[in-house]
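Right, I'll just put the structure down here and ask away after.
First chain written, first letter: the chains are A, B, C, D and E, and each begins at residue 1.
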Amino acid sequence: MEVYLSDDEKLFLIAGIEDNIRNDGRTCADFRQVVLEQGVLTGTNGSCRVQLGHTTDVLAGIKLELESFDKDSEKNTPPPFKFFVDFSANASSQFAGKGGDEYAEELSAALTTAYSNSYDILGNLKKVQLADGYRWKIYVDVTVLQWNGSVIDAISLGVIGALHNLSIPEVEISPDDGGKVSIVLKRPRTGGNVRDEEVPVDTWKLDVSRCPLLVTVSKIGTGNVIDCTPEEETCIRSQLWVGLTPISNNDFEVTCVKQVGSGLLEIESVNEMISLSSGAVKGLHSALLHRLKTEEYRKPGHSFLL
Amino acid sequence: MSGRLREMRCELAYLKNADGSVCFSQGATCIWASCSGPGDIHRARANDEKMVLDVSFRANTGDNKFHPLNNIITSTLEKVINLQLFPHTTQVITLHGIQDDGSIGAAALNATCFALLDNGLPFDTIFCGVTIVRINGELIIDPTAKQESQSDAKILLAVCRNRTTSAPEICASDTIGDLTIDELENAWLLAKQTALSIFEFYRVSLERKHSTDFC
Amino acid sequence: MDGRRPSQIRNINTRLGLNRNAEGSCYIEHGNTKVLCAVYGPYEGKASKRLENRCSIVCQYSATTFSGLERKNRPRGDRKSTEISRLLEKAFESVILTDSFPRSQIDIFCEVIQGDGSNLAACINAISLALADAGIPMKGIASAVTCGVIEGKPIVDLTSREETDLLPRVTLATISGRDEVVLVELQNRLHIDHLNTVMETAKSTCADVYECLAVVAQQHIRACAPILG
Amino acid sequence: MRTQPLTICEKTLIVESLRAGKRLDFRSREEFRNVKLIVGSEIGTAICSIGQTKVICAVSAEITEPSSMRPQKGVINIDVDLSPMANYSHEHDRMGQKGMELTRLLELIIRDSRCIDVESLCIRAGKEVWKIKVDVRILDEDGSILDCACLAAITALQHFKRPNVTLEPHHTLVYSEYEKSPIPLNIYHMPICTTIGLLDKGSTIIIDPTEKESECLDGTIVVACNKRKEVCALHQSTNLILTTKQIENCVKLAMSRAEELSSVVIDVIRQDQRERSAFKRPSGFAITSPAIILNENRVVAQQIRAPIKMEIEQEEIEEEESEKQRQAYQSSVIMNENPLRSDGVKQEEIDEEQMIDEQLANIQQSVNRVELDNKQSLDRHGEIQEVDDLLAGLGDDDEEEESTVVTLGDTVDEEDEIVLVAKKKRF
Amino acid sequence: MTSSEIFRVINPHGYFDKFFSNGIFPDGRHILSSQKLVFKQGECGGVGSSIVTFGNVTISCTIEASVSLESDASLVSVEIAETQQLDEKQSEEYCGILLSLFEKEYFVKRESMKCRNNSGEKLPLDWVFKIVVKVLSVDGDLLDSLVAAVGAALKNTKLPTIVLNRGLEDESAIEKTQILVDEANYHLEINNILMSCTFGIFLNQENKEILIVSPDVEISNVCTATVTVIIGNDSKIAFCRQRGSISEFQILRKMTEITIDRRNKFVEALQKS
């Protein structure tokens, strides 16, 4: 983003970070205020909107499609996820046309690597594979509506929220002639004259407790910072994307580390950054789980962004 | 050895927007050709010493980016027109094969020559196109589509008048199909004869055009 | 279809000025159709697009991959969205007083977050509000509506289920409700006798939509009046 | 190469004259230019010319995979090529803004208004479907290219017949037009589009503007409608503010125009069918003889209008320089020869006319002697002299009108009866 | 720059005239002596491949084969990999020429493209060849080395036999799974070995036409005409492309003789390998 700072403003900021105080009063390891709403889009199977610090605004939508896959190559079936990140031109005029496409590809690649071993992260993902060669293909699309730094954190939160909100219909498989399969949505048996479509299909949810959280850790001066504002981003030496998945209740396992942008990094500072990020993520993760459980169920399609 | 040359009809200055245009038909094969005079060209493609020729033969259907005829037409034109006269310019020549009933190559060459004559470019020599096919050993000139599909060898010749002796000579040719060297020689001679009558047709139609323009 | 009377439009709620780094931005909801739009005000754009006597308008329409019923694999760039962008460009060339900003460029981006029928009309309303928010001089607030015909009876503000292949529908955009048509777009075949009934209803509904937009614009201006001082 | 823009004084002249209701080519504001429609000898090709604008359209069919969303629907693909022949600012193979808009409008009119039944194009659901390719080539540009292109496309589609197909377990057989007669496409309705120019806020309406006029208009509105009084497409071009009233009477004008033109299209197609059924292959465009000027809905008396130097001289040139040769009937033209059947050519239509046998005899009897001297037996010279003396008389009795040309007059008054010009003169 | 180079740049025609009128190339080679043709077969993948160096032009040609149902579509497709030395127009032309040669069934007859099972009878399946040509260095006309490379690659092609495990009378469509590739393979019969040679015609001061064999780019700009002749078996002209006018016909006769004996040498070399 074109945020221009004069040199001494940068000096002031860097000095502040070195003794752990930032312009907006946060310490180096705090996140900005996170707003998370689920089920905002009626047209999708699962959706969630995340707003980070009143500016960065991300919308994740998930659609399910039936996909046939050759079941004999059991072992290396690719995970059913397909990530697609898109920068809406609303964020800034540089994203018009093909502007934001390479950065978007980089983000979707990072997400795909983070979710590559999805079968052990999401416990009940096996159920996605229906019998003889059919399974649900999960299209996860993320649109960035506003862009003000640390997009990857907002996106990973959005994806987890959307996966949590995802309702996958139960399905009955009855083999048909000519090797085809007819799929029937399972409905709770209700007598009476209620028409079949109105009865809500029973669905099941994915257990998202062990989904990876991606955090950006950036090196400014000598200090490491989490969740930078655009002003801080102008004076970053280098940035690191750290993917963390919780194993037991409070310690985390690093799934992916990716250096973004140019800049030199010594080995110890990398370890420092990773430990800093895992500390910060603990707090974020527990807040996220709490939020997912307690969010009351609102009428779908209520208007958000208001 | 000879067959009848199908009669040719041509109308010059047929289109409004083109500098030189012709609707040329040879038998049932009909080609519209147009050329727009030496005009300005994008700096990247400009050539300092000579004019750039931008020839494109466009059939009715299909993507027309490349067509085998473009090459023979461009090289004949390079030999016939003195390009050094117009540096830094381009000549856009477009041919539309409206209807194809055999020997489309020859008709294209004739149409290009007419269009450029109509446009008034300085010619060193005049040129025309002749298609000769071999059907079970017989050389046939100016075949119709049916004869062309029966044939097993096809020769497209561009004949121009020699600058000095003004006798017809072959300035470009494309041959495909099993031919012995003698058959090729016969074909060359046959082509030179037919070229004479085609040049005759050129003179007749151009006389007619110029006779009415200036009266 | 969803319990509304034929001439009743879906409820509209809007919010202006939510995108901080755009000159003008607006979020509008026609029932389930949600459109977000941002305007980057007259700035010195690309040399190739610059025009001498008036400002050039560049519009980009993109619908998110999950906006429609089926998942699209590319949000913009396909034929449909390029065509709609061109339509919007042309429409707003006549609404905005373009000769007040010679040799400059206005960027308009609208993103259909969820498309549930008459997306084009919602986009036009969103853009005109965003332009108002950006304070760009215009002949008036353009309001638009899509209206179809079933057995001669015109129905207004179609939802995606009503936008089937057989129902002829006209999208009409007028300037501040007056009889000044800025954009008219017809899908499917419409018999000539129904033409003027459809036109009349469309024009009157545009006037009603204009009322709502005007109210929202005034409230927004009044809200930031103290800031402007 | 850039074209010269319109000079200011030229622009003011045109605008003043339009306001005064006059036009440079003596038409009033509500008058159309004459339309000429010629169908080619290959099935599915047609040239349409409105005034000076000439567009050729060729329709072809091939087998492709259908799209996954609609497995049993055929595909229609429309592709416009603005050739530098039309206007030297165009470049080969580059579709500029104008080309894109033209393609988009044609798709709107022909594909989205579903005038062709797409289900009948399916061979094997999900695997093989007919893809109809409509290739439009703009040959000369003098305003209202879209009307001309749409008319040419519609006629070509009516005229086109796709090859017959039979299904076999693991491959499909495509027949050339010798074995099984090709099947025409079934077309529901014929959308005809008209471009209506508008001046100073839409108050004055200009019908069928030429190139120069359309440059100084405020904007144009395109209305496509068909015989059954249905509006198929409505498109408003550049910044133009209209009232609904103006739009309505534009639509009425376009409606009347559509009826006239669809009758022309139907007559041309019927005329061509009658000829083809009699196994006579028209030579189509070979003799697009310009000499026939279609008298459009003007009284015949106007035929000999006040002689303007340019007008008459123009006609005279075409008359003079187009060599009036006898139209020797050509052997039948081989349409999309089926490569599968290399022997397909042999089983000729047996009832070829005498002309073809005479030509074949000519080939057998010509002994393969090659004389080097130039008084060769080619009877070319003879033929040219013979033509000269014939032409000297300038009488156009032997003039050969092959092109199926129909005069259309809205009010068919007595002396301007519909002239179905199809005199077939054989020498 | 030595004076000869300056002379070469200012008046190329005069410069070359000195050499050609006494029959040698600037690098000392006699004008009618043919360039060295070196080819290696079977190195770079596919069912058959070859690398050809012809004078200072080196190209590699690989043939990838796949099986397709019987149809009347053309069974061979040629693709020249994109390089900066060769612009798109030229590579398109070369592909066109090669395809027309294939259509005339010069290289391979259509029946020999039918798949065979191990007992040798024909199956209702065809082999489809995709010829991929990669150009390593280009100077002057590419057609000679192209034709030689394709000929050598085809000669080197070995096709596996096919096992079709379905009953002969089974009428349902052939499924992909029913086609199995066997180990035994057989050589593809070549219908005709083609040899192409390019000539330049140079008009010296006394405008006598001098024949030059395989001129490079610089020389062909100076020549008044360039002719490419391709000779098939029993010394028939398969293809001849002439650009620029030639006064008498004898020169063409001489060209065909040179190409014929070059072809005989090429055929022996192919037989040996």
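Note that in this section a residue touches a chain if its C-beta (ideal position, glycine included) is under 8 Å from a C-beta of that chain, and two chains touch if they have at least 3 such contacts.
The model shown is predicted, which means the values in this text are computed figures rather than measured ones.
Contacts with chain B and chain C are shared by D.
Steps from chain A to chain B, minimised over paths through touching chains, total 3. Comparing chain C-alpha centroids with the centroid of the full set of protein C-alpha atoms picks out D as the closest. A centroid comparison over C-alpha atoms places E as the chain most distant from chain C.
Comparing mean CA positions across the assembly, the chain most remote from chain B is A. Of the two interfaces, B-E and A-C, the higher number of touching C-beta pairs belongs to A-C. Centroids of chain A and chain D (each the mean of its C-alpha atoms) stand 58 Å apart.
Each chain gets a centre from the mean of its Cα atoms; for chain D and chain E, those two points are 44 Å apart. Inter-chain centre distance (chain C to chain E, centres taken as mean C-alpha positions): 61 Å.
Multi-chain contact residues of chain B (touching two or more other chains) are listed as 65.
Partner chain D is touched in their complex by these residues of chain C: 70, 79, 82-83, 86, 90, 93-94, 165, 170, 175, 179-193, 195-196, 199-200, 203. Residue ranges on chain E touching chain B, taken from their complex, read 89, 92-93, 96, 100-101, 104, 232, 236-247, 249, 252-253, 256.
Against chain A, the residues of chain C that register as touching in their complex are 13, 15, 18-22, 25, 27, 29, 32, 34, 36-38, 40, 58, 60, 62, 64-69, 71, 73, 75-76, 107, 109, 111, 113-116. By the touch criterion given at the top, residues 65-66, 68, 70-72, 75, 79, 160, 162, 169-181, 184-185, 188 of chain B touch chain E in their complex. Of all residues in chain B, those touching chain D in their complex are 1-19, 21, 23, 25, 27-30, 32, 34, 36, 39-41, 54, 56, 58, 60-62, 64-65, 90, 92, 94, 96, 98-101, 138-140, 144-146, 149-150, 186, 189-190, 193-194, 196-197, 200-201, 204-205, 208-209, 211-213.
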